[in-house]
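To keep things simple, chains are lettered A, B and C as they appear, and every chain counts its residues starting from 1.
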Amino acid sequence: MAANLLTIEGLRAGVAGKEILKGLNLTINEGEVHVLLGPNGSGKSTLMNLIMGHPKYTRLAGKMSFAGEDLTALPTFERARRGIFLSFQTPEEIPGITVENMLRTAKQAITGQKVKILAFKKQLAAAMAKLSMDESYAERYMNVGFSGGEKKRNEILQLLLLEPKLALLDETDSGLDVDAVQIVSRGVSAFHNETNACLIITHNARILSELKVDCVHVLMDGQIIEEGGAELIDEINRHGFAHLLDGAAK
Amino acid sequence: MAKKKTFIEDIERTLYDIKNEDRPVYKTKQGLTEEIIRDISAKKHDPDWMLAFRLHSLDVYNHTPLPVWGPDLSELDMDRIVTYVKPDAKMAGRWEDVPEDIKDTFDRLGIPEAEKTSLAGVGAQYDSEVVYHSIQESLTRQGVIYTDMETALVEHEDLVREYFMKLVPPKDHKFVALHGAVWSGGSFVYVPAGVQVKIPLQSYFRLNSPGAGQFEHTLIIVEKGASLHFIEGCSAPKYNVTNLHAGCVELYVKEGARLRYSTIENWSRNMMNLNTKRALVEKDGLIEWVSGSFGSHVSMLYPCSILHGENARCEFTGVTFAGHGQHLDTGATVVHAAPHTSANINTRTISKDGGIAVYRSAVKVAPGADHAKCSVNCESLMLDDRSRSDTLPVMDIQGDEADIGHEARIGRISDEAVYYLTTRGISEDEARAMIVRGFVEPIAKALPLEYAVEMNNLINIELEGAMG
Amino acid sequence: MAAEVVKEEVYSTIPMRTWRWLGVNEARVASSILAAAQERRIRVPAGEKHTVVLVYRDELAAHVQAELAAGAELQLIKVQLAEDGVRRADTIEVQCSEGAKLSYTAVEAGAGVSTTKLLVALNGDKSEADVAALYFGDRKRRIDMNYIIRQAGRDTRANMQIHGALAGESDKIFRGTLDFIRGAKGSTGREKEEVVLLSPKVRNRSVPLMLSGEDDVDGHHAVSVGRMDENKLYYLMSRGLNLSEAERLVVEAALAPVLVRIPDAQLAAEVREHIEGRLSHV
């Protein structure tokens, strides 16, 4: 039986007085790939940001635990150090801090060990090569002047170097051309193994081409209304979300 | 020297306006007397013309009121300055008297023992003899002159006389006049035509004249086609019992020459830092200012670049960090006085914990300075709501075909940026520090590595107060 | 023959002084003009929307004070089209309560000497000020403007857009201050001045001030002075206009965003003709 990574029970949460998640249950174990589908505004990004501990979201009820540890009291950076990683939909620009500098600092923070600069540079170069990123990106300021695609690749680069246990990917494939999607997809696939897990938000599922999907959750209006296997994705692509609601109503 | 007279007149017309001020002239109980000045001059073995110059400056000083704008200077104890500048004043204090936080910072910055006592003005002057002398040899071979001002006055009198306080005359303002009367110490650099000085010269080596540098005069002449990088100051806090620093820096950049003038100023928290720096740039010349202002209680610092020859250029990069109890009023001025001149001013200010950071600038395009191009960019970061950040830029444009742009931003550290870094395992405090370091990156980049490292250390130390 | 000495007094000052030699610390006006100032009070009650159009042509000083109650909206238009020899001094002060909105549009296209001051106090939370002004100087006109928006309430919004063109030997000073008072959390302030210079003999002074005692604000100001967009000129010339005609059109286009805010079509047309007429003599 694979070890449990993430357990969410009865989660209700919102932002600025508005309730977005209205009672959500989710379990993710090691080695699994979960997909989160749903129309815009259903609360997918909110869920990911809640797992990550974004200060602006408030948990109203329910529990979240990671590897048996209650997440509630942990600030974001502690959650990252426990092994949770979030790939953002629109990554922030941090002027003045190079990609290399930021990644090295993060690696050090997460592992709690001093990172040897030369060894790290080699690791970085290898990962960048895997993602077909030109080595000049290492010295560029974090996401400053990066195109959408370049920002997303930068997120996956961080995924590969920081080696988290749970990767939350928020629409990492949106806005990318065919080649870029393939690169990102391969990157995620290279990351994934039987000791870690992925929760992926996607609209067109292209990122899933190299992954074996274990469970698909459909989120609507703050609640998971349907769960199933990979075939759910095709069904929604063909008939849309409304179809599911009709089904649920029946 | 007909040509020099002309440019001084030009400058006078644009810069000086010594009409009757509203405020009364500040009088000290024991005013700086002629006797004191003569005494100083005699002890220094000044040539006659320098004595005359000092006396003239004293006269201007006594008739000039304090500026009517800017930080409050009423704390300035002019009496102590009087007693201080007397040549028989005892400079050496005791290490025990040096404030704890100064000693602390020395330790944090890893300053060696001998330097500590020198910087604190209580020990023998630190003389990095070996390094200093080896640099001297390679410079001499190239014909470069690098000495202290007193020596220059003796060994290169004509050269000094031609340039000394012509670019910044005593009537500029009260503290320049004071400087003209009591100046002591500082660096003199002369780079002959065509010589590229490869290693940066550091004023740090020159801490070997009495007066501990608070009225020091720096005079640098870079002849046609030559180039030099000069670094003034260091990140260690310079402690001084007397709390006034009224220095003066004059930079002459001749045709096609290039001068980079880097400074990290970190005067101790009791200091009033009233420094006047000016560069005169001739045809095709370039002046680059790199300036980091961290310490002092009050600072008034506006390096001025006069683009006097066609195609003359100025690049200014600066950062000012005003923390608790500090009022740092800094900026830059550029005067476009010839056609096709261009300037780029890029500054960052940070204020926290009740500090006041003021950015003040002036871009003046004189009539006839056609096709002037100038871009000013100022970003201000506020770390809390107890501090102040004020931006006061002025553009005065008269030339034809001018292309002038200015932009300024004010705000705080982005919550989203902090969150992003925390999702990568970096603690909130460290995330903020990273963002602030990123904010001052453009300045760090322009400094030699060890200075950039020191500057970052300084920032870390400064930030600890706010975050902790 | 001694020159006539006109007794002047300080009319307005910028919130923070700077080097005297720049001559922007204060604006002075002939005392004789201020002697007979026209006073006007505008009060907009809670929740109401008013529009007030002021047209100035005479040699006078005007002092307008407006108070906007909670949720009130005021659209205030000021057009100054006085003759060359006229001197004008106008002050407009607006106090905004919670949720109040001010839309202010000014045209400074006339008079030999025009000195104006605008002070908007966004006292109440969520109050807003949207300020747009146009100035046009030619011959020997002197234009002096001192605009200040003080943001004291939380979540206030300020926007200042200034468009101008200077020709002949005109002399203009524009001071625009965004002042964030401590406590104005969540407020945004924007200021932009764009000036086109049409002659080598003009004097343009711009002073965009930004003062802040509050960290939780978002302030941005920009000034751009100088040439016209060469791409635009080229495009127009490729359609048959000569350089002067193209330049004139580009200037009109630059001033258009302000003109479009004048609700009275006839007045707007008068302003447009006035400026076009002057432009053709530039």
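Everything that follows uses one rule, which is that a residue touches a chain if its C-beta (ideal position, glycine included) is under 8 Å from a C-beta of that chain, and two chains touch if they have at least 3 such contacts.
Small disclaimer: the values here were computed from a predicted structure and weren't measured.
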Chain touch graph shape: choose line, ring, star, complete or other and state it.
line
Counting only C-alpha atoms to place each centre, which chain is farthest from subunit C?
A
Top contact pair of chains, counted by C-beta pairs?
B-C
Provide the C-alpha centroid distance between subunit A and subunit B, rounded to the nearest whole angstrom.
50
Report the inter-chain centroid distance for subunit B and subunit C in whole angstrom, where each centroid is the mean of the CA atoms.
37
Using mean CA coordinates as chain centres, what's the gap between subunit A and subunit C in Å?
50
Over in the complex, which subunit B residues touch subunit C? Could you list them?
14-17, 68-69, 333, 358, 360, 362, 364, 367, 370, 380, 382-385, 387-412
Subunit B touches which residues of subunit C in the complex?
16-25, 180, 182-183, 185, 197, 199-227
Touching subunit A in the complex: which residues of subunit B?
414-417, 419-428, 430-431, 434-435, 437-442
Please name which positions on subunit A make contact with subunit B in the complex.
52, 54-56, 75-77, 80-81, 85-86, 88, 91-97, 102, 105-106, 109-110, 141, 158, 162
